[in-house]
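Per-chain numbering from 1; labels A, B, C and D assigned in written order.
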Amino acid sequence: MLEAVLSKLGLPGYEPEAARQKFYGVIADFDTPEDLLRAIRTARAAGYTRMEAFSPFPIHGADEALGAPRSPLGRIVIVFALLGLAAAVLLQWWTGAVDYKLIIAGKPLFALEPSVPIMFELAVLLSAFAAVLGMFHLNRIPTYYHPFFNYSRHPGASNDRFLLAIEAQDPKFQPEEAVRFLESCGSRHTEVVEA
Amino acid sequence: MSAFFSKQFDTKLRLAAAAVVVVLGTGGAVAAYLLHPRQLDTGYTPVQPVPYSHKLHAGNLGMDCLYCHTTVAQSNYAAVPMTEICMNCHVRVKEKSPKLQPVRDSYATGKPVEWVKVHRLPDYVYFNHRAHVTAGVSCVSCHGRVDQMTEVRQVQPLSMAWCLDCHRNPAPHVRPPELVTRLDWQPEGDPAMLGARLIREKGIHPPDNCSACHR
Amino acid sequence: MADLALDPRMELNPPLVRGGMTYTDVTAKISSIVEGKPPKQWYIAMAFAVPLALLLFACLGYLVATGIGVWGNNSPVGWGWDITNFVWWIGIGHAGTLISAILFLFRQKWRTSINRAAEAMTLFAVACAAIYPLFHTGRPWRAAYWLFPLPNELLHMWQNFRSPLMWDVFAVSTYGTVSALFWFVGLIPDLATLRDRATTPLRKTIYGLLSLGWRGSATQWRHYELAYLLLAGLSTPLVLSVHSIVSFDFATSLLPGWHTTIFPPYFVAGAVFSGFAMVVTLMTLARWIYGLENLITMKHLENMCKVMLATGMIVGFAYGTEFFIAWYSANQYERFIFLNRAFGPYWWAYWSMIACNVIAPQFFWFRKFRTSIPAMFILSIFINIGMWFERFVIIATSLHRDFLPSSWGYFKPTWVDIGTYAGTFGLFLTLFLLFLRYLPAIAISEVKGVLHQQVSAGHAAHGGSH
Amino acid sequence: MNELIQLNLSSLTGRKYWRSLNQLADTPEFRQWVEREFPEGASELLDSGSRRTLLKLMAAGFGLAGLTACRRPVEKILPLSKGVEGYVHGRPLHYATAVEACGVATGLVVECNDGRPTKVEGNPRHPYSLGATNAFQQAMILDLYDPDRARQVQKQGVKSSWADFEAWWLEQNTKLGDGSGLRILSPRSTSPTLDALKAEIAKKYPQSVWVEYEPVSFDRVLEGARLAFGQPLQPHYRFDQADVIVALDCDFLGLDTLSAQPVRQFASRRRPEEGRELNRLYAVEANFTVTGAMADHRLRARASDIAAFALALARELNVTGAELNIVNQPAARERKFLAAVAKDLLAHRGRSLVVAGPRQPAEVHALVAVINQALGNTGQTVSYTRPPYQPSDSLAAVQKLAEDLAAGRVSTLFVLGGNPVFTLPATADWAPLFRKTTAVVLAADENETWKAAAWQLPEAHPFESWGDVRALDGTASIRQPQIQPLYGGRSALEIAALIAGRTERRGHDLVRSFWAAQWGAGAETKWKKALYEGVIEGTALPPVDAKADAPRVFAAVQAALKPAPPGVEAVFYPSWHAFDGRFANNAWLHETPDPMTKLVWDNAALLSPATARRLGVKDGDVLEITSGGRQARCPALVLPGHADDSISLQLGFGRSACGRVGRSVGHRVEGLRAASNFWFGPAEVRNTGATYRLVTTQEHHTLVEPITGLKRHNIVEEFTLGEYRHRAEHGKHEPHPATDLFPEFDYSKGYQWAMAIDLSACIGCNACMVACTAENNIPVVGKDQVSKGREMHWIRLDRYFSGEEDDPQAVMQPMACVQCEKAPCESVCPVAATAHSPEGINEMAYNRCVGTRYCLNNCPYKVRRFNFLNWNKDVPEIRKMVFNPDVTVRMRGVMEKCNYCVQRIEEKRSQAKAEGRRPIRDGEIVTACQQACPADAIVFGNINDPESRVSKLKRQARDYSVLEELNTRPRTSYLARVRNPNPELV
């Protein structure tokens, strides 16, 4: 019953047969970051466009090689920082000078000077959340199922292996050809991974 | 080998999470509503030892509040009447009524009738009837249309926020002091206008500092 | 892979990962701590920590039931051990964020093998610290829900945002939250590693869920690194602000000895000082328990000793400045309060502070002490003691003799004071040991990053040997 | 009107209910409690910590934690059945009454809330109250509700009843015949009605003896007059008429007076603004008393050397016919002092006054009378009347009583109040003597005498019973009860009536019939008037024109006065805590520190620093004092300014049979007293080596800092008269206008409350402290907690010594919240629990306070008080009846402090509004401390009214703010202490 509804909605994991991808792509396995980078460059030269690399630690140059755009995270965080500031000012001004005007130590009902600490703290708090949640969003995590995990040697990617995937969406994608190509780049183990 | 988490796992997880959020959200909203003093504290209608009807006395018979609540203009308390006062009439009226037995007993023995308190404030709150009544705040503002109640019921939250609302904007609740016990009284025109005038004339400015009520 | 130890250049600048470890070795070594059975020492430590933690709860229960009177606090000394311990723990907490954030911004590679544990330490220290402001009211249930600006139909009342205590509430809770985020973000890739190494379904599930389906794809790393950088950038001013604001509790008052403009920098320096001391104390222990000599190398420890020396000097300088200003201000009350610290009834506290905070770190001028584990262990403990006394001196001795001689008094702690303080140690240690047991105590992926650079550096050194 | 009683316990734990007292009495709990041997609760919180078990309280605490009060408790309202005249629920009633102690009577006005007496004030119409009270009168109200009072008629400790007792007496009195076996021992009484009954008893039992005894008596004053004038006369001093006053061992501002009058008169001459010349006070004394603290010049002398000094003074003044030889040569310093004093006195003939204390022998009083006569003061500053009671030589009488008892000549002994077994001279062992006869003891509490009695009768509290008194000048007052006897006690009057065999035995009938007889026609109206006004017109005694025969006096004096032996003397004083023991179970007084030593919950052997050094004694060392062959132990306390070789001991402590508050508090020194050394005598002192913890509320006693040795200014300002005049001419120095970060708050509109406290007038008598305690439901915390600095007084008296340690000056400074306009406490409170009212009061909202104590830390005056524990936890029901219903009872974890009696302000405000919204008049609002102050040193009012008293005072040249440079803008300012030194002595 629920199943039916979900598949009608076509939510992830419940797509109708027709809409389902057959392959995720082909994944190859390299010894060192350098080998991986070399492979990426060759593949791009060969005209592959939809690729993804997997590594136990960030490899500098990898995303350039893959031709990824700059991350928008910075802009998100700025916005939230400003929101935090504004919220702090509003909170302190409205509660103190509008909603309940209590005379405290003969001081003004609202002044900027004593409000600074809380303004700062709220700004930091909101931008920190923005940074983390923004990153989660951009990285689409948490997402517990990913075809990548179907690759027999995927655990290597969190240990000491450096993997390269040519994805099925790639217009130039041909499973056998992709396998052959990656083997030629020096992959230790190449697999066609189903979606 | 294949992935540890199934294809459907993420969808299930998200749906579950959504469900939790919805349940908690609605639950919280409901609780917030119910725990709000307007819901929590109003409507309290205890059973009294004597089925005394304000509707009958104040409403139909049109007795003035001050006939029984004699001290309201002199004291912090409005004074629940002494048995004596009941007996002023009930020596003759309904002198046999079984309902009035407790009253007659009290009058005979001198032991009080144990009325149940309806409008209760915390002990650290000092409400002064005299101050309000002499300023022209009607009984009805806090106690509602008692003249229409057979059993007295709390109709206002009597929360601090509620007090403050009036202390900050008294105009709608101020009327000529001699009319405070006329629960059904309506000024011609906007009560706020009249209130504003009286406030100006008499220089009424209700305090909202702490020790106005907390000592 | 070339043996790095043979490389002459490596000797000049000793490697941060020794013993020619490979990526797999690193993974294996660190994961083994979590996967294997904990060593005997771990159980001994737990046996010590857990009862103490229980003592904490007993003391707090007694306090809540009876009232703040069970502590030694009195009039004029309204704050005694409670706020002393609060400031002390918060101070401890600073090293973690400092190491992870500031050193990260300065690209100090040597932070990698200690930052994880240091961050954990921060969280647990903040947790211990938070206990005090909450419970020193004696009625935490009120403090808990009245210190946060929640709209309240019943009262229509709001907080007083002029009060430094209110700033504290925001600062400390923000600090706690951000540190937690920072720590967790750092953990994600390593949790993925544990997930991938996991053998039992339970571990697969738990670490799987915790690692949020991390794949280590280039795209993910891209956003991840930026996020981490931003968090570091945010935490840096935050960590400085927190102890500044804590110092405002005192600096904005009008009490002689509190009303001092030097406090913010002086408190921050002190915090870092005590924080590093605590890191050294714990790291030397962890290193010994789990044999992490190759990951937490002498270089790490020596650097930390240098930081302690530097901050110790700053703190010492601050003590001097306070006295100078007190004299220079020509304010009778100021002058008296400082003389009273040194020569009044609390002289012993003052001079203990000087001995531990100013004298002790001087040993770190000498390499011999900077590189001797026992020496730095003992000195770090001295510093922790000294920094506790600093807070006690500031709070108690300023309060006990203020303006009107008629209301002077003296503060004596009760057994509940002592029990509560000891108890927070129990809580802290328990949490830290659990952390060691169930989470990667060293940032696996970051160490690999460092290792990778060593490797490529090694290749460069061997100059196209292949 | 007293059937009705409402217990309106405004406590945060919240319990309000109406009860008629009869009903309360009917409840089984109450009965049971009344009859239980040792009721629990009460002052248990005084033995600190003990009773708290961890688990129980964890439960309690966490119970509270789940604080959302869902179901509301059902509360009953119990209105009266029948009306009570003049009673309006919620409005207090005030009744005039009068009390007496040691033969000194004062008129009072008692406030009753719904039938509960809750507060004592002075009666402005009464010449010896003038509207003021002393600490003891303020504290009496607590004794009324003392759960440890005698509650049950007993026969040898077995429960009995009044009926049984009366039955016993009816057959007993038949056996008495001429009453040769009948003795009646009572405290000094001024009651005319009782005098009448005494006469009847004397007639019925010619051989019976009625003995009046007071442990603190003024007999020697009258004896002195008898010596001087041939008849016992009561001197009346006019301190307000005297320019020069010499007090010889006379604490006339403190414990040697029991009324406000002398203080009020003296203080009226210490205000330089009021035009009249400042008086000058010379004090010669052993103990450092509050009178000594007010003195412009003070000479330390052993009590036993005072006589010699008086003689020397007489000679110095060469009073006619005075060929006197000094008993021992005065020292140089003393001679200088003598000369200056004599010169000053002679310069102020007719406007000077010499007074001697009740401890001094009759000869000294006679001598003083003659000196005053010679100086022409008689009739000017001192006049004489017959005493308001029958004077008698108590000591001789009790000696005789002891002999009679020992010889078994006494069959029945009535003790009508007091606690003689504890207070009588130690010449006899009284308890066994009492047991030898049938002792019928009427006692307020189950005291030592009660324990020794055959019949034990509970005595009614003065506020529970009818009676009448006569003030020192004879002015009579009716004592009317405020409430029915809580424990069915009876008054001495009623027992006397029983003895006299009167048929009417109710106090009311006795008193009323007596006065009806006096008045004859119009008695009814006179009676009402007497009750209403609290004084009976035309009852004051006429002055007696007395002429002393100087030569005869000198002869007698010369003969009587022997040179005092050198060495240590022991002197007995009443104490500020228990007086002579009658207040031993009064927690308010025990917690109120002694004005000079600041000691609480104890007495001590006071000695001078020099003597302490010589004996090698320090504070808390337990001394063994031997005097008159008897011994007592008492911890030592060094008091700067105390005379050398003299040890001051306070009476009334170490009660063995007493309520839980006072049981074994302090050390009993009565055991040293005999007729020979009744007030003072030679003593040996030995340091036992044992130590005892004495707790004081002030640990640092000067304004001089340790370490630096610098004096702190801007706390207490003192001028000599000269300096003051100079300042007055050149105007008061205005503080430098402080520059503020923020704009000023506008306090120019409406009422702006403020206070001025005159340090020249304040004598530090503690009346304000106890008054505040009573008015504001201030809890008692006990010795342990005070030692931790947790006392709760909203107003305290800071006492600072200045000058050299051996012979310092002292100044008192009442310190309560000064209501800073820029209050440091407010800005630091995180929850805004303390904020400012638009009228300038620094308010505390207890129910908002979370208890961070930050405000306490940031208060430079340290006037904030924190409820470290739940001080009201164990307060028994009966004791709660003393609570002021207009003030919240604070729970633990809450900060509190003075708020200018805001409940009184609000009351007057709503009254003024009800009366046609008229403005509040100056002086209409009186704070509790101000109302009690006998010196009229505290003035409260509105500073926006330039004509108000407080505004005028604040314009004075000697007005200043404490710690002005902090720019906290206190609303309470102080008027500097002005001293009037004799140029020849400085």
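The working rule: a residue touches a chain if its C-beta (ideal position, glycine included) is under 8 Å from a C-beta of that chain, and two chains touch if they have at least 3 such contacts.
As the structure is a computational prediction, the values presented were derived from the model and not from experiment.
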> Taking contacts as defined above, which has more of them, A-D or C-D?
Replying inline: C-D
> Measuring from the mean C-alpha position of subunit A to the mean C-alpha position of subunit D, what distance in angstrom results?
Replying inline: 81
> Using CA atom averages as chain centres, what separation in Å is found between subunit B and subunit C?
Replying inline: 54
> So, what's the distance in Å between the C-alpha centres of subunit D and subunit B?
Replying inline: 47
> Where does subunit B touch two or more other chains at once, residue-wise?
Replying inline: 4-5, 10, 164, 209
> Which residue numbers or ranges of subunit A touch two or more of the other chains?
Replying inline: 100, 102-105, 107, 142-146, 149
>> Which positions in subunit C are in touch with at least two other chains?
In response: 155-160, 162, 166, 195, 208, 213
> If each protein chain is taken as a node and each touching pair as an edge, is the resulting graph a line, ring, star, complete or other?
Replying inline: complete
>> Quick check on the complex: what are the subunit D residues that touch subunit B?
In response: 9-12, 14-16, 18, 20, 23, 68, 72, 74-83, 88-91, 835-838, 841, 843-848, 886-889, 899, 902-903, 906, 910, 913-914, 917
> In their complex, what parts of subunit C are in touch with subunit A?
Replying inline: 22-24, 27, 149, 156-162, 166-167, 170-171, 174, 177-178, 181-182, 184-185, 188-189, 192-193, 195-197, 208-209, 212-227, 230-231, 234-235, 237-238, 241, 245, 248, 444-446, 448-449, 452, 456
>> Touching residues of subunit C toward subunit B in the complex: what are they?
In response: 152-157, 195, 204-205, 208, 213
>> List the residues on subunit A that touch subunit C in their complex, please.
In response: 33-34, 52-59, 62-63, 66, 68, 71, 73-74, 77, 91-92, 95-96, 99-100, 102, 104-105, 107, 114-115, 117-118, 120-122, 124-125, 127-129, 131-132, 134-136, 138-139, 141-146, 148-149, 154-155, 157-160
>> Considering only the defined contacts, which subunit C positions touch subunit D in the complex?
In response: 58, 61-62, 64-70, 72-79, 133, 136-143, 146-147, 155, 157-160, 162-166, 169, 249, 252-255, 332, 335-336, 339-340, 343-344, 399, 401-410
